[in-house]
Amino acid sequence: MKIKTASDYMESLRKLSPVIYYKGERIEDVTASPATAPHVRAAAMTYALANTKEHGHLATATSHLTGRTISRFTHVHQNVEDLIKKVKLLRVLGQKTGTCFQRCVGFDGINAMYSVAYEIDQKYDMGYFERFKKWLIRIQDENLMVVGAMTDPKGDRSKGPAEQPDPDQYLHVLKRTNDGIVIRGAKLHMTGAVNSHEILIMPTTAMDESSKDYAVACALPVDAPGVTMIFGRQANDSRRDLEETIDVGKPSFGIVGGEAVIVFDDVFVPWENVFMDGQTEFTSSLVYRFAAHHRANYGACKTGLMDVLTGAVTYLAQLQGSAKGSHVRDKVTEMIHLSETLYSSSIACSAEGSPTPSGAFMVDTMLANVCKHNVTRFHFEVARLAVDLAGGFIATLPSEYDFRNEEVGHLIKKYFSCADGLPVEDRVKIGRLIEAMTGGTAMVESMHGAGSPQAQRIMIFREGKLKEKIQFAKALAGIPSRANK
Amino acid sequence: MKIKTASDYMESLRKLSPVIYYKGERIEDVTASPATAPHVRAAAMTYALANTKEHGHLATATSHLTGRTISRFTHVHQNVEDLIKKVKLLRVLGQKTGTCFQRCVGFDGINAMYSVAYEIDQKYDMGYFERFKKWLIRIQDENLMVVGAMTDPKGDRSKGPAEQPDPDQYLHVLKRTNDGIVIRGAKLHMTGAVNSHEILIMPTTAMDESSKDYAVACALPVDAPGVTMIFGRQANDSRRDLEETIDVGKPSFGIVGGEAVIVFDDVFVPWENVFMDGQTEFTSSLVYRFAAHHRANYGACKTGLMDVLTGAVTYLAQLQGSAKGSHVRDKVTEMIHLSETLYSSSIACSAEGSPTPSGAFMVDTMLANVCKHNVTRFHFEVARLAVDLAGGFIATLPSEYDFRNEEVGHLIKKYFSCADGLPVEDRVKIGRLIEAMTGGTAMVESMHGAGSPQAQRIMIFREGKLKEKIQFAKALAGIPSRANK
Amino acid sequence: MKIKTASDYMESLRKLSPVIYYKGERIEDVTASPATAPHVRAAAMTYALANTKEHGHLATATSHLTGRTISRFTHVHQNVEDLIKKVKLLRVLGQKTGTCFQRCVGFDGINAMYSVAYEIDQKYDMGYFERFKKWLIRIQDENLMVVGAMTDPKGDRSKGPAEQPDPDQYLHVLKRTNDGIVIRGAKLHMTGAVNSHEILIMPTTAMDESSKDYAVACALPVDAPGVTMIFGRQANDSRRDLEETIDVGKPSFGIVGGEAVIVFDDVFVPWENVFMDGQTEFTSSLVYRFAAHHRANYGACKTGLMDVLTGAVTYLAQLQGSAKGSHVRDKVTEMIHLSETLYSSSIACSAEGSPTPSGAFMVDTMLANVCKHNVTRFHFEVARLAVDLAGGFIATLPSEYDFRNEEVGHLIKKYFSCADGLPVEDRVKIGRLIEAMTGGTAMVESMHGAGSPQAQRIMIFREGKLKEKIQFAKALAGIPSRANK
Amino acid sequence: MKIKTASDYMESLRKLSPVIYYKGERIEDVTASPATAPHVRAAAMTYALANTKEHGHLATATSHLTGRTISRFTHVHQNVEDLIKKVKLLRVLGQKTGTCFQRCVGFDGINAMYSVAYEIDQKYDMGYFERFKKWLIRIQDENLMVVGAMTDPKGDRSKGPAEQPDPDQYLHVLKRTNDGIVIRGAKLHMTGAVNSHEILIMPTTAMDESSKDYAVACALPVDAPGVTMIFGRQANDSRRDLEETIDVGKPSFGIVGGEAVIVFDDVFVPWENVFMDGQTEFTSSLVYRFAAHHRANYGACKTGLMDVLTGAVTYLAQLQGSAKGSHVRDKVTEMIHLSETLYSSSIACSAEGSPTPSGAFMVDTMLANVCKHNVTRFHFEVARLAVDLAGGFIATLPSEYDFRNEEVGHLIKKYFSCADGLPVEDRVKIGRLIEAMTGGTAMVESMHGAGSPQAQRIMIFREGKLKEKIQFAKALAGIPSRANK
């Protein structure tokens, strides 16, 4: 049964029964719990947008496997246009939700797995590619949400998977049976996990021969036996949990996507859902392709968030009577400049995309890494500028309860009043929106989502073609090429 | 009765009866309410430190008025050494509390008011200086905490005090009687207000003749009739209010100092506590001196906070087995470098201090502004580096309730385990500490406390001696001086 | 006669007789004068590359006017692919010349003029478009180099064209005759002027009705009567003028393109070469389109230069035995990262290109401005990192004469010797190359070529769609849309 | 005979006969050669200033050895006030010369050597301290200029002194006789060497037992037999050599101090001038103290240069009619802000100075390193802002010969004319001054003088007291101290 609308999606989630803990208690219905509902609503927007006239062409695609119209989030990129449409889709969703809508992780996992399963089979003929396509057609036809699960706990970071004192610090195959495999381990920071339908497991890093049991990729439902999720805390989550209407900043959507630790305590996966098992030499391709696709996104979705933030401070300046100030305009200009710089790299790595042997298109690895690396700098600077322009009141504002209080409500409304008779409520709401979008969790996600800065630097150095560049310099300096150099 | 110890201070607060609202309800005892107690404990540290062997010489001074040993926070700087001792005192307190300990605002207000009251009297002989000294001796002898109250709501920022549609947007004298004055208005962002003993009111900006009623400075107790305080929200304040023991980050102390809106609804102040009334030409000195003293502090107290943060990420790297990584060491180096750059300006503006006509010493205005201006950049960069080094888990970590939960506690402990058998509790605690010190409110305070960046830029341009600099350039370029230029 | 090869180009220049001054004297043959020859050689590379197998497809195009194969530098972009090919062409040329190859100015002028002439004629039917096409076909068929001439002296910058005390501070039409127009004024900073065949004059800024005589666009040969050029100084130009072989840095090519002041002292232009005369309302389109095309280039050609610089410091680190240092690798990574960030915007503004009514394709204005704006920051940072990695010797190295001197040559060769027996000559040459590419003129060009930073900020603010962004923020904060806002 | 005036100093130099090469030829008289005279004039300013009423108190000091009034540049700092006076002296000299005045290198060498010689003798009683004082009294009494010679060629940087294939890559003692030692090697980047009287040799790095022959410190006259100097090239040195009057930028003074390679080809030094010979364990103190003193200077002298640059762009904005622009004022503000940030650290590391066992005062090592490290960033940013404000003409301006040319001089004067009738000559001169102060050599010196950035980072990490900082963090996070950590 295909999920078509936001409410179809909600309905579908209610039919699942994942084991989810939060603040020491079980969450039974993620669409109802105030802790998870805002994140569900953000993900639901990916379904809703497909039905709009304005953005339907971005949010849908034609499956190259079935010819049917599918959600773009389940599509395998067939050309540069697909890559660029993804970028535009993500920016629009960022503008509409002001947060993470979570479906990219599975989207990027699908694209990476598709091309790598093809390549493993070219070498070993394991049948992975056919299995994966079959699984993918179901995802496309039912329009399911998939959480791409890559990051392992890693234990002691100075040691590899097989060297850990505790072998479970990297997810691994515990045993193999006629019917399938049993896996153990955990995946951290799993965005959107609690409101996904399926989990697509991938290895967390490039591995060598010593780590065969850790080179595993497979898919399973979120409520498979042995799967436990613990939903993490976010900045000001209590405001969300109490369903405050103003202080939460974005009444409808969350701060970021909502992350969970997923524990796999001896979970069985049937062979038909296993797409890699021991082919360690393909782990690097899988990881780097997933990472490149995922890093490419950040110049799109986060740019959407920065559009919101830029609009918020601009409106706030109007409310405070300072919109004409040259330094206000200059800082707003800087916010736009930095946002569009990020967007450039998302567009560029897509425009420079190229096909893998499977036909699936990849973004340019260098530019995708550059994209994410700049996000880890510029999103912070954009937030800093927003905090500058907003003023200190976003950190000292009385609560919404005080605004509603009989004794003091009128006093603080008086003393937070706006220029030109604009409503004081707007100032408070915009202040809380900026607070929510510039603080704690929101920024950490920009730093570490899709990989920490150092991960990008390693790729940038590796892709830097330094030998070629040395030749350019030698030629210009008049240094003759020598045989041995 | 002199307050000597931290518990004396707590006791003294319980004897006052200020009207304080928070989340729509009254706070009766600021030392007991979980919303305010952490901030009280941070302020109490200013009392406690005076009794220590190691730092007593920094935390106390000898009153030039009475010759008695007093808290340095009530002292009028008599020389460069006093200014430098203040800087060192603030850094130590920052290291020990990891937050704002609030007493600087009154300290700086006292120093600015002292010198300006003297200068007004040199011109007008109003008796302000004698009144102020009398008031100050009481503050010193009883060791009271004073909140320096400067920032007005300002309404429409494109208009001055006298042009506002609502005259109360700037605090002003409503009427004058034989006994004193009646004031109306509000002061925003009042750090430490709810746990101070006295309020020292100062005008918020330089004023001209049109604003005589707004040029008012005076002192009054926090529980004077007509005074109402509304305590503001901070990031993750619910964790604090619930007295969580780990997720709050710093179990003993607050995120920042704890700010309140103070509303003055027709409050009477006797003449003996009025130190300026209508001498508009002295408002700029009062504001600029207060601002300079206050801006000088930020390279001291915030450096203390950055010391904590640097220690936290260094220890976390040890816990995660990544302490030897060259990029980890490089980022730690950068954090230290930026911290010490800030500290330089605090020390330098003190070393370049000079006496006012009253004998009270002022920091160098240019360097004090430079100091704070860099805080609005570098504290953000230090926080960004800390977030980079900490890793994404500070935004996705399950709550302390989950760690204590029977079903899942052991699972997450297993998957957040540390290198070298170091305790998982340490990792969680340090993660929460970093979360608390790099998110939302903590950073906003660094941006806007002691004035927003543009306020510093205006002063830096004004103090820039551009005519002199033009002469240097002309001389070197061989341009002759001309009569009219 | 079509120019095909680099030597055809040299030959063609020798047939012209422009009036050129340099250091107080006439230059008779720009291909022979050491002051101009390196710049001629860089421009010649645009001809030579068209004949190479590897890059011919980038350097040529098919004329949409004639169907003939032409130099891409004379082509009107017909689609996104054309825009992207231009970007790749410029990067390759930057890598091969390490400098400005000058032909983009005319290239961008052609593209801007083509679309604007079309639009003027749609409104006024002046015959400009046909005239321009006729002129352009000649340029294409003969493969001429055109200098796009936009920047006027501007006199007092606080005044517009018609308000200047001296009317010639903006180039203008002095009189109109049956045969054509007579113009007076000057154009500054004219890159490649002395070795171009034709000048394409365009107005320097958006103008209003008051400035009709200044709204002029036309073409003329560089040796038209009344045209005088004065060639400017560059950093270390004496080394170039003396044809030093090592200290000049790049023995074959110049520091930058070679700029001239062009003075038009009552120069006659026949009507057939006049493409705008008085249509002030089209000046803004002409200026903004030229600027956008030109700003787009800087993330391409300058990236080529940064590739050279990155290669140079990497090789130098090998020569000095420091290539393995983690801080060396980290700085090289940063250089690459910044370069590719710039390249992203060049690619992105091309990928997001769109057709004008004439069919000529325009780059995306926002992203093109963002591109150049980042060049004014990141090229400086890349240069700073190169200087850091190079070491102080690039500023203290003895001259090549000393290396050749009998008494001291062997001493300094000994003390500048390399690791691993690598040749000392290489170290000196690479050092001089870095010196040439990071100093003075090279960097000024990156700052001001294609417009100063503030010019880009104005465009970025203007194109920032702030109203739309405010709506995003309001929607998320739960602020209802109101009729009048 | 004591040198008192600038002309005494010139005279004294003419009496020496050092072997100096430049551009392949001997320089016989450094006070007359256009290549070296501007640098001589800058150094002469250190003598001249001592005779002025305004700054004499900064430029002189009272010798603690003789009680006589001496040049401060030969003084051993006796207290914090001395350290601060040095900072102020250097800023004034930077403002007056706009360049390096060279005498700090010897000044800092004297201070480092003094304290280390004392400490060696405390341990070994070698008589070094008495010898050094004797030598120093002569320097003070005759008011000689000393070049502190530290930087060795270092050959392959991945190897230490004793591991080099060529043992001369680090200066070393070749043999010892009854009368003295014979040394061989070279010192690079020797600022002011060609116009100093004496050379004070120090080891280039911390050494261990394996490098006893390299651990040598001694003094000798610049014209000792076997000493050869080769003077290095600088940006635009030909303009200087031709004694151009405008295009050279600063007609009187050089770009930077003037550096030379000094080769020591088996040079004899008598024992009375040997201050260290083989005490490797003291090399680190000598190097770090010299480095700390020298790094402290950069926030003073360079700040003086930035004052000039700030004045230059401000005046240029007046000449061009753009001085009122908000972005112009904002960039000038930023230039001042960055300059004063640097100055802060110079002042702060002096204010935090402390005595060594010898009584000589040392600056604070951490803050001195922080100071120089910021110079390697902020001077570049200040220069970038100056280039931004100056406009492109500083890279395209015709030469002074063209301005004087009969045919074209009047044309370019017309088209470079100024606002408000200000003289065009001023614009050209200021443009050339900015060109000289922001290009090539000037900036390289700020990067590498007193040690490259990485050298400072190593010290900053080392001095960072990370154990203490970890304790702060643990205490705040509620982590108990454990015995073994």
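In order of appearance the chains are A, B, C and D, and numbering begins at 1 in each one.
Definition applied: contacts are C-beta pairs under 8 Å (C-beta built on N, C-alpha and C of every residue); 3 or more make two chains touch, one makes a residue touch a chain.
None of these values were measured; they are calculated from a predicted model.
Look at the contact of subunit A with subunit B and you find the same residues on each copy: over half of the numbers used there are shared. Across the assembly, the mean Cα position most removed from that of subunit C is the one of B.
When the interfaces A-C and C-D are ranked by C-beta pairs in contact, the top one is C-D. Distance from the subunit A centre to the subunit D centre is 51 Å, each centre being the mean of its Cα atoms.
In this assembly, the C-alpha centroid of subunit C lies 38 Å from the C-alpha centroid of subunit D. Subunit C has its Cα centroid 40 Å from the Cα centroid of subunit A. Multi-chain contact residues of subunit B (touching two or more other chains) are listed as 327, 330, 457.
Those residues of subunit C whose C-beta lies close enough to touch subunit A in the complex are 84, 95-98, 245-246, 249-253, 307-312, 314-315, 329-330, 332-333, 336-337, 340-341, 343-352, 366-367, 370-371, 373-374, 425-426, 429-430, 432-433, 457, 460-461, 464, 466, 468-479. By the touch criterion given at the top, residues 21-25, 153, 155-159, 166, 168-169, 186, 188-189, 228, 230-236, 238-239, 242, 247, 256, 259-261, 263, 265, 320-322, 324-325, 327, 376-377, 380, 384, 387-388, 390-399, 401-402, 404-405, 407-408, 411-412, 414-420, 435, 438-441, 443-445, 447-449, 452-454, 457 of subunit A touch subunit B in their complex.
Across the complex, subunit D is touched by residues 326-327, 330 of subunit A.
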